[in-house]
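Each of the two complexes below includes chain A, the first together with chain B, the second together with chain C.
Right, the complex of A and B next:
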């Protein structure tokens, strides 16, 4: 993306969290380990920002406390770096696509803007919650390519 | 209390199944979805089997289908922005017309009871009315821009020449022919999020709607001169929200079907659940109560539900998990 299009020139960069310690029970093939907050967070934290060579974790767009696994599904809230960020829907879509790909389909997912952090949070949340529009968006090859770039493994 | 018993689980689609639609005689079920195909299912002995697959016509998801009142034509609408018209008068289903005009995803299609008009709607916020000539030619009669957002579904009134549409803009709108053109003359506001689907009861005097706000609403038509004193304009009825059913679904309600034979209302939810409501009349007037619910009707979101038009209590549903189920309701 051309530098002139970058909206937030100088974002605050946060430190990455350390790798998760592997517990003994996880090494036990016979044990049942349910999906937990940290596991979902680990799937998401390396997603790249659409305009910076940084991850959503480094930009504090995602943090562990805003990823919750409940009885009724998975709830992810993300915080755009600036309140009028035009990339917010794309970031939310990338999070949704990543979750669709890594989690079992039976799990319900909600992806929404952290309350009070974006001027159009209602409109963004409604769009991200509309699976028909999300499905249609992902049939658009250009958009899918942009999403895939955000999801590509990051060094 | 009633109960729903699973009669058959139909597998074949390789992606999400968006819609189910019974033909007018109730002998064939059309299903469609993310695998870009339409499947036609029929009964053989005790089981339901796939009789025909319609494919290679749409380039993207087939969102929904609708049978003409005569049962010989099937309209299919797709995210590829086109409408396919399939004809089986030659014996086999053939796609003999493709209607173009929508800018992007077409979401719903409906035939008028006369079979002479077709309505389509889509993400470009428009509703299109197509006229069908004697030679089976489809001509655009009007493009309605009444909604401010994505239009999810269109439905013709069973007796009157009016069309209903519901939208991502949270409203239901009513359209009619006005001289040479079509106009939108009434907006029903009450839902607080996307209205996904609507259906009429057998008389056409009432309508049911379902929404992302997780409620089901019953609407009543008040005719001019009604005894309740509801104001009307000209010869048109005024539609008002009669009651709201809430607390039955915990996620978006994607579809609703009002059985013309039994008066039962079935709802399909993003919580994998199917509910059936029945009407009870007491001294205070009509109320709708839950007759039965299947908590895990499918393994994923239930997208569509429709009562068979001829066989009492036979219900079809479809899901994101790719399967279609047929249920029998009994008391």
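Right, the complex of A and C next:
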């Protein structure tokens, strides 16, 4: 990749949150733990950025306040590091695919760009909301490979 | 072969300065007739002597003795006029190697002829094709600017050629430096220039060095204004090489003002990095700091130069950034530089050390952090002080005292246990470099705290003792500390609770461990300690609480090994007997106390006795006979209830373990009895806690017994045998596993099907260890294992079981692709149920496992 390709080669790095402590009730066989914001965020925070060897959490593309679990499904908003980031769709797709793989199918998922943080947020949101386009994208082997790169566990 | 060895001999002969004057001509004659060496080793040569070995060895032989000069130089000149290229090269290289040992006087008469010959060669070489190409390319650099990128690539390609002459290299570099405005070109073209220089520096350093200052100036021009990080990366690496080889450049260009060149280069780098260092929140801060640290560790002058610039810069940035996370990044970088200063700059005298000027500021800075309100900043401060104490002159006496004072307070009273731990570690570090400060400042504070007998005093005695043990790593302080601790234990007013006693013993243990591991010879101290401890035991001051008995036993074991060493050499017969008796007193006191305790406590004691029994090597026979007699009556069970028998069995198992480990003759008796007692049910698992070298022997002897017993056992007893087996499997070495495993696998799989959750858990643990260590054993069984594991992920009753099954399944995904691929869809489908499990931890494991199975076959997975 040439310098011109990496659009933001010196981004701000944020600290990672510590891993979640296990509570008493989580160890109790009988108790039911509902899926909460933090759990979904934990699934997503280790996704790698396509351009940097950093996670979406470290780049503050995802933060805990923008992952919400509601009655009717899950809302995830992500913030591209710069408003004209061309990787935004890819990042959104990675988030979507990750959620498809790790969440029960009954939950509805909405992935979108945080309002006002990208020049073409409308187009990106539309693409990400379109189930058929997401499925079609994943049939493209090259694209799937790139997404898998972002999702591979790196620890 | 003979040739090489004779030359080697010859070399030795001269190296050892045997009197060779009288024979120098004869010696020269026998050797020189081989020059130049033309030898191709036969394909079947058993000695594998290469031509190059011979050439090098012969060359150094000729150069080994100055007396050869009058004979050798004419020979070399003669060979220079030969027609064979290799002979000429060999002659020139030999000439180069001989020049120094022969000395200017011997060379003088031949210099005109050498010069003529070399000139002739050079002129002829100039005509070679590569030379022509380079000259052509360099000429094209003067042409139209649109040609230049292509020329640069041509030069890059030719820079990699091995037979490029020194002259060509010089003209190539000069051409680039003179004709090309590097920074006016595109990134890729600039990269070609950097790569060219890098190739030349990497492979032809010696040929570039004569260019000296010209080269460095040219390089500065090339680098000046570079912005692309990838080019900068190469550029920085080149700077490292240039810095590292600067002394050589110094030799070659004595008339240049070299100091200023190094300064120029470093100044340029620092200018380039300055703004990155001012932005600790951005991504490039850390890499830049790393690069500068590399530059600083290239040589002493570079280190001094970089540090004297960077350290004040970092300190002022620290003061400019109010936010803690930024400050922390800055300080951690500063600490990195200080560590480099600990390696370099040591030789420099104090005044010129780059840190000397700022040492006041640095130490004040770190000392002030020690009382910061934020925990992370205190931690950084402590880390900084630790690095500072490693350099002798950075902290003056006054500040050492201040630091020690701060640290001891932090170690005892700080709110965060992390900080307490780090302070104690730093004090321990200080005790090695500044024992007198510890002795004068820290000891009085600690002892004072210990005198305060009240239970709810400001600092728990346990913490004080922990710190005391930490700072006693130095031999002198250690001796004092032990005396203090013994007298503390003796004093009933101070050492008033069980936990205090345990902490005191723990402290003793850690001091003794430190002695043992540092190999200090402290036999006399060890012996004295045994006597003291025995006295304490007799006085009843060693009644430690349950859960801490292990400490005492570890202590005993260590002292035993220390003392047994001295037993055999130092003492007379009477002394030895006395020592043994003291040891027995101690060991038996603990063994027999086991009689009175409750079940679990008994097993803890038994467990702790094990190392002690183990430690007193040759004396175990006596103990084991008495113990076995005692225990057998207990196990036979007369009036005892179940708990009593359990307790006795525990002790039994531990003793037999100690014996098995020692390969003691009585071990077999013990073992067969414990196998017979297996009917006592789940206890049998204790039996399998064997480790280290004896595992294999134990496994080979025991597994047939177990398998046979399994087939005979009544149905409800079978699981116990499986538990024993699966636990044992975890500990045996690979090689044994490979040969012994196949017959056991059906048993293992059976235990996965069988309903007992405990058994399934331990089998899963064994299985995942197998999958990680020896996956080849299980490749053939994936078709059986995967469905079994999938069934287990749906076990309602045990969350742990579901999690281990999922974890196991995740490891299965790393088996070879062709083995797991057929199961991929099935696993992904069936795991979706686990994603909706009611327990979060199960969902977490399921998500991880399903994620792995989803990317099966993708590049990242392979």
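Here, the second predicted complex is superposed on the first by the 150 of 155 C-alpha atoms of A that agree within 3 Å, B and C clash if a C-alpha of one lies under 4 Å from a C-alpha of the other, contacts with A are read in each partner's own complex, and residues count from 1 in each chain.
Basically, a contact is a pair of C-beta atoms (placed from the backbone, for glycine too) under 8 Å apart; a residue touches a chain by one contact, two chains touch by 3 or more.
Source: prediction; values computed, not measured.
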So, on chain A, is it clash or fit between chain B and chain C? fit
State whether A:72 touches chain B only (first), chain C only (second), both chains, or neither. first
Partner chain(s) touched by A:132 [first = chain B, second = chain C, both, neither]: first
Could you let me know whether more residues of chain A are touched by chain B or by chain C? C
After superposition on the shared chain, which partner residues are touched by A:142: those of chain B (first), chain C (second), both, or neither? neither
Please indicate which partner A:106 is in contact with in the superposed arrangement: first for chain B, second for chain C, both, or neither. both
Check the superposed model and tell me the shortest C-alpha distance between chain B and chain C, rounded to whole Å. 10
Return the residues of chain A at which the contacts from chain B and from chain C coincide. 105-106
Going by the contact rule set out above, which residues of chain A touch chain B in the complex? 72, 105-106, 108, 126, 129-133, 135-136, 139
Going by the contact rule at the top, pick out the chain C residues touching chain A in the complex. 187-188, 227-230, 276, 281-284, 325, 797-799, 832, 835-836, 838-841, 843-844, 846-848, 850-852, 854-855, 858-861
Could you please specify the touching residues of chain A with respect to chain C in the complex? 2-3, 9-13, 15, 22, 26-27, 29, 31-33, 35, 39, 42-43, 52, 54, 98, 101-106, 144-145, 148-149, 151-153
Within the complex, chain A is touched by chain B residues 16, 34, 60-61, 63, 79, 104-105, 107, 123, 150, 152, 168, 193-194, 212, 250-252, 270-271, 299-301, 320-321
